[in-house]
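The letters A, B, C and D name the chains in turn, as written, and every chain counts its residues from 1.
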Amino acid sequence: MSEYINSVIENCTFVRAFGHKLKLFYMYKFENIIRVRYGETDRMGYVYNGNYASYFEVGRAESLRNLGISYKKIEDEGFALPVRDMKMRFFKPAYYDEALKIVTTVREKPGIRICFEYEIFNESQALLTKGDTTLVFVNKKTGKPDQPPAYVIRAFEPFFD
Amino acid sequence: MSEYINSVIENCTFVRAFGHKLKLFYMYKFENIIRVRYGETDRMGYVYNGNYASYFEVGRAESLRNLGISYKKIEDEGFALPVRDMKMRFFKPAYYDEALKIVTTVREKPGIRICFEYEIFNESQALLTKGDTTLVFVNKKTGKPDQPPAYVIRAFEPFFD
Amino acid sequence: MSEYINSVIENCTFVRAFGHKLKLFYMYKFENIIRVRYGETDRMGYVYNGNYASYFEVGRAESLRNLGISYKKIEDEGFALPVRDMKMRFFKPAYYDEALKIVTTVREKPGIRICFEYEIFNESQALLTKGDTTLVFVNKKTGKPDQPPAYVIRAFEPFFD
Amino acid sequence: MSEYINSVIENCTFVRAFGHKLKLFYMYKFENIIRVRYGETDRMGYVYNGNYASYFEVGRAESLRNLGISYKKIEDEGFALPVRDMKMRFFKPAYYDEALKIVTTVREKPGIRICFEYEIFNESQALLTKGDTTLVFVNKKTGKPDQPPAYVIRAFEPFFD
């Protein structure tokens, strides 16, 4: 059985108006599945709130991998990618053993900063959690924020042109 | 050696103007110390972002305990206290073995919702992380949001009257 | 891409001796793949030792699922399955983003106790970690150890007859 | 309130026999207190088994600190201290918010390997968990096991002479 069903689910939205097809907005959207582990639950029986940070991380790492970008390789090439800020809003709890769908969206072409949005759904397609994170490309040599490697920018170009 | 040095550090600010002492704003503020564990760090050598949720949780549990309120007792009395939303902003990393100071602030009298703000400082008093969480008192019998137990409200009264 | 490649890889070993095929020992063996998450690494750059307990748990939950047994359903039917003891031995470290293979083995027909053995391999097939856990079926009503549900025993029978 | 009450509780046992006081065995023993965090519990309401690895780690780090030895400093001086093996046995569960006592014992003078034993007690002095870990001093330059820094050995000498 496949735990991770990954796919690019859409990259822009079109509307038809006055006989023209108008591209409304661009984005990169990706989804994958994650199975809730026992140790991720708490005594309420819910997934503990702190564990969503880890689910978000899996969402963004897999969404990058789908573009041929390895988070690990970026780090090995001399960048650190610390999280600058993180927000999450909880609508419904997730439970042990549920196969959660993480939808990860990048709405803006990445530069020094890269923003990811996340939506987490349970098997009944109920929205459980929304969140976002901003990460900064930091050059390990200088310790300063820096432009990401060129191939990272190129990988996102098809979604924003 | 004491790991947790807990104290109410202030509960309001006064200014003197026109010969009068004016109370500017009310709040409940509390601080405690937490030691970074090895397993809380990541391969960057930083405290992993997801672990701050747990630091915040310790901050609010200890700040309540200082008022004679036990988070556990509230749950045992029939309430769940799920986190509704959480925000965090990271300014500087925390490292292994640092004794971090968590300053927890409640700025509004708790009702159905209770909001906590957190500031985390390292031993050099540098601000590392800011965050806040909103929790909701949920009556386990009805599954609906509800007023907190009377003694919880009473415990906060001295700080907001 | 599929993260979890699960399969029953063998259930007994045969030797041919004196013209006879002899069944040497019985067991249930299962393998699945798990991807190392960022937050599971520590400042050494290794997977933190405490996180292997969680990898073992995924190994045994998936090995049971493969037999049509849901760990969650067992709990919902009135059993708790606490871990009684756990051992682990670390040979080589696991690193961020590696797709680790967890081989889970049950060598004895489960009764009140069920023992799982685990071997964790990296992508180069190097053995990183070995471990085992013993879990006990506890009847939640009586709080006492008890025989597992009949369908759990039946599911293992083909591997031990 | 102090969360960590640390002390050397004993370092050897004496028996009186034939009018002589005989020293039976030597050891270094240390205890500290740790408060169970919400996120460390699981849906059974117990501390999740994987989190004991982290409790053990706090036990050994604090027991070393009490001898003037900083785990972090050892690493900064060019050593890695990976865990080679770990065992744990669970007798009773620990619950949210309990102040657990971790008793850490070193029974043999440390060399290339250092062995720690742990016993965890709840507030009613019931033994919940026993465990042990063996760590190896690895020279980061050579990648090989090596003798620990001289001051580490010296710090343990009073307990084994």
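Odds and ends about this structure:
Criterion: a contact is a pair of C-beta atoms (placed from the backbone, for glycine too) under 8 Å apart; a residue touches a chain by one contact, two chains touch by 3 or more.
On a predicted model such as this, the values are computed, not experimentally measured, just so you know.
The chain with its Cα centroid farthest from the Cα centroid of chain D is A. The chain pair with the larger count of C-beta pairs in contact, out of A-D and A-C, is A-C.
If each chain is reduced to the centroid of its CA atoms, chain C and chain D end up 28 Å from each other.
Between the CA-based centres of chain A and chain D the separation comes to 40 Å, rounded to the whole angstrom. Centre-to-centre separation of chain A and chain C, using mean CA positions: 30 Å. Across the assembly, chain A contributes residues 38-39, 43, 48-51, 53-54, 57, 96 that each touch 2 or more other chains.
Residues 43-44, 46, 48-54, 57, 75, 80, 82-90, 93 of chain D are the ones touching chain C in the complex. For chain B in complex with chain D, the touching residues are 1-4, 6, 35, 37-39, 53-54, 57-58, 61, 65, 70-72, 96-97. Those residues of chain A that touch chain D in the shared complex are 38-39, 41-43, 45, 48-51, 95-96.
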